[in-house]
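Order of writing sets the labels: A, B, C and D. Residues in every chain begin at 1.
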Amino acid sequence: MALPLPTGLTQNEVSFLAEMEMVTVVPRQRLDSIDLLGGKTPQLRPPHRAQLPLWLALLLKKQRRANIVPPAWMHPASLAEIIHRETKEDPEAFSPPPPPPSRALYAQPGTARRLNHQHQPSFLDDLTQTTLDSQQQDPNSILSPPFLPSNVAESPAGYLPYHWLEIAEALLTHAGDDMPAPAGEVRSLLRDLVEVRAAKMRSSTSALEGFGDAWLTLRGVGAMELAENRAFLAGLVDGVRKIGASAEATRREEEEEARRGGEYGGDGDEDSDEDMGL
Amino acid sequence: MPAIPGVSVCQNLYLIACRMGVRSGNWLGVGIWQAYGSLLPHHHQLSGALVAGEDKEVFLSIRKRQISQLEKMPMYGDLGNKLVQHAKRTQNLSHLPPYQTELVRAVAREIRDLDKDVASLLEPFQGSFDPSTEQATACTLLVNHLSMRRNKRCLLAYHRTRTDKLEELVWNGADILDLAGQTTGAPKGGATDGNEGSGTTSSLSPQEEDYFRQFGDLLALYKGQWTDIDLTGSLEPPRDLFIDVRVLKDAGEIQTEYGQFYVRQGDVERLIAQGYLQKLG
Amino acid sequence: MDIDDILASLDPHPPSSSSPSLIPPETRDLQALTRHWVAERSTPELLSWPSDGLFERINDKIKRQIEKVEEMTGDMDPKTNFALIVIQTELERWKFLVRSYLRCRVGKIDKHLLHYISNDALRTRMSPIEEAYARRHQLLLHNHYLNSFLGTFPPAMQNLNDTAGNISMIDSPDLDSAVFIRLLKNAEIECHGVDVDGVLTGKEGDIVILRWSDAKGLVERGDAELV
Amino acid sequence: MSYYDIDAILTDAEKIPCTFQIDVPDLGYLDNQPGHTLKAGSRVALPIWLAEMLAIANTGAVDMDDPSQSSKSFITFDLPSALGNDVVQALKADPRSVPLRDQSAHFYALATHMMELSEEPELSAVLRKTFVSRAAEIALHARKVGGGGSSYHGRDGGGAGGKGKGKATKEDNASNLGVGGAGEEFLRGLDEWERKLFRSAHDGTKASKEWMENVKKR
């Protein structure tokens, strides 16, 4: 095997991915811009804040060259709010992911729009051609984790980003002294959160009790939670599909018959040819 | 219509059996049975040439073992199945159990026997065999044909399972000598799983040793296209390359005036082990 | 970073007014590389080798970065020393992404060699190097079988590509395998189920588990990405 | 269904009860009577790989009076006992109480294959429900075991040989299949598909635990 790994990212790979998330640092030393493969790093000039990928921020932190500003969602108040939402307001679902941040538009001065948000056509388009642009929007221009700024200081409180657990563990372990509250307090809140959500993940299998379902939506699930359960969930869904394969085929044939008003049942020949792989 | 293009005669024979199940295309059937018959002389020579005396011994001895085990008439395909059970065990082992030389030979031999049977069954018909009038023979032919296909599948799956393992070993940088160490005391072909004590016979067949080398060369070629990436490097995401260390003793090489230093972990692991350095944080 | 790289990494389309402008091409390459890696690691079948020369470009960049590191080493001035640390750390991250991506692809190709080299449409998913590797690998395997046992078979049974009968000899990936995707836009998803086929009205940001055969279109249109 | 898949091949070796529709002189050995004619009507247990095509294939006999009636198979077959009514009823009653492995190590694969050959709508429904409800139980035990499991993700690759974490994983899971105290009996009764499911859940939990530990180490 060229790759002795299961399909889908492993926990370590997910954690690696999370290290690409941008976080906010407060430098303690000057550091000139470094020309990296992924672009130039910003000049670091104490005490001015800067945004860096987590892996680099941790490197600086370990060398006491910078402090990390934890994202707002990690504040105890925010975590408590999320736990409340997950337990009281909607005990079934995961709490929703953070809304993409908004940006001022270059094409329409004075207008702001959420990042990635589909363009609502407006009379302005004739002037700005933005419809044309957004129609042929390049997929790579749509940002998503780990490339959305969901863990910088400004990112909204009360929402768990996709990589919440990885970010939290990394920051608590290596930047505990930068926490807005005693690390122990944050930790215990996180532990509760992990528990609540693990239970939801488990019960999600029962969503398949209808065992004919074509899909399962897990809005708000975290990357690490997915990594832990993906192989099992996929195996479950695949198993149900395989056991039901013949029933599904029969159902389709019948529906097809019905659609053709059952003109003639004589499609046996074609079918058999397919079976023979001809 | 002699045969369906791109499909082997055996396949056609088999195909017909299936097709006739869904429509009575006997004219088509006969055509192909004839096409099959016309190949017979060639088959005779081939299988005749391949009946090595040694093969026969092995074949019979294994058949005997089978009978005593199953206390019933062994069926075509039973030996192939044993091979696949070996493959199943192999999948769950981290090393490569011994190659089942005898079993492989016996299963291959079974195919040639079956092919001979088919030939002699068809011979009297002089290539004008009509399945609709000779149902019993048609049935026997189909059974023989299916048995051949089955054995082929078992042999391929067994060898593929092992080449998968071999390829993995190449990826992991093992060399042929490591594999010579991959041995077992079990009598060739008698191993039930690879865990017997070590002996001296290699667990690879000569052909497998060749394959191991050839795939190694192929891989080297492919890796050569991506030298800077180091394709055989770790598939675990990189952890910290660098660590904080404090100098405890003068190691000569890397002592510095301020006793703390930031170095590449790989470079100093031995110094840490030897107690010159202490890892921090 | 020379001008060719910048030109090469510019989008075929102008960035839409709603997409973040001013993303430097280097960052876009990292984003593209990361997406390709995650996608390849998450699908049952081999995805298309990027036609925009992304990996050839990245390979050059890595090569040049390695040269830079070699120049910088030896210079033990603590300041550059730290820059060196940062550069090498990032370098290792990129090398891992490319390595894992390439080996994931080779793994898929090895698993279904004949499937990918017997079909023109599928063959074009491989890079020229990958195709050469696949053809050679198939050759080695077939000869190994022939030398080990297949050679003693009746000629008509020595092929590995018979597709007639109840099971084809050419194994292929199970395109109905379950995958996980994130919707990048609101979208209607046609999903096939055992008892029912249905249309799922998905919201931007939804994480959905469904059959790859149902997800493929969305992913190719850029309405969803694999996670 | 995959040509090289070991489990698929082993599944095809499962025997099913068949009845011959015609006399066949040369096939006596299938019924333990080499040299004798295999008489029409004799019941023989044949492996799927053989029975399947013998049942589909057509003797090609032409009935002059009514050509449409020409089709006649060499054999007819019944569902194997593993999928017999008593098993199905037991599964309806309490899916978790049935040791599927005792019926067949490849229980679901066997059933799926049989359902391809003959429509069994009820069986299909029962088995899907069985699979899902047993899966929940499997996950429960797997998390218990995996949570306490030792490291296979270790740098050395863990397990004998050290080459290829995949192998090492399979090994220590295989040895884990017995564990789980109360659930031991249940786990012993898992078929191949369910064992894979168990490993998935087990490895998932284990890998998460180890990731947590690694974060602390770094």
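Points worth noting:
Basically, a residue touches a chain if its C-beta (ideal position, glycine included) is under 8 Å from a C-beta of that chain, and two chains touch if they have at least 3 such contacts.
What you are looking at is a predicted structure, and each value in this text was computed from that prediction instead of being measured.
A simple rule picks the central chain: find each chain's mean C-alpha point, then take the one closest to the mean of all protein C-alpha atoms, which gives C.
Farthest chain from chain C (centres taken as the mean of C-alpha atoms): D. Centre-to-centre, using mean CA coordinates, chain A is 20 Å away from chain C. One simple way to say how far apart two chains are is to compare their mean CA positions; for chain B and chain C this gives 28 Å.
Averaged C-alpha coordinates give centres for chain A and chain B that are 41 Å from one another.
Centres computed as Cα averages put chain C at a distance of 33 Å from chain D.
Multi-chain contact residues of chain D (touching two or more other chains): 3-5, 53, 56, 128, 164, 167, 214, 218.
In chain B, the residues that touch at least two other chains are 4, 14-15, 18, 21-22, 156, 160, 167-168, 235-238, 240, 242, 262. For chain A, the set of residues that touch two or more other chains comprises 1-5, 12-13, 15-16, 59, 63, 211-212, 230, 234, 240, 244-245, 247, 275-276, 278.
Against chain B, the residues of chain C that register as touching in their complex are 59, 62-63, 66, 81-82, 85, 88-89, 92-93, 95-96, 98-100, 102-103, 106, 110, 129, 133, 136-137, 140-141, 144-145, 147-150, 152-157, 159-160, 162, 164-166.
Residues 4, 15, 18-19, 21-23, 164, 167-168, 171, 235-238, 240, 242, 244, 262, 281 of chain B touch chain A in their complex.
Taken in their complex, chain C has these residues touching chain A: 1, 11-21, 23-24, 26-32, 34-35, 38, 41-44, 58, 61-62, 65, 79, 82-83, 85-87, 89-91, 93-94, 96, 100, 103-104, 106-107, 110, 163-166, 168, 174, 176-180, 182, 184-186, 189, 191-198, 200, 202-211, 214, 221-222, 225, 227.
Those residues of chain B whose C-beta lies close enough to touch chain C in the complex are 4, 7-12, 14-15, 18, 39, 42-43, 46-47, 50, 104-105, 107-108, 111-112, 115, 148-149, 152, 155-156, 159-160, 163, 167, 205, 207-208, 210-211, 214-215, 218, 221-222, 225-226, 228-231, 233-235, 237-238, 240-242, 262, 264. Of all residues in chain D, those touching chain B in their complex are 3-7, 9-10, 12-13, 22-27, 29-30, 32-34, 47, 49-50, 53-54, 56-62, 67, 70-71, 73-74, 155, 159-164, 167-168, 170-171, 174, 214, 218.
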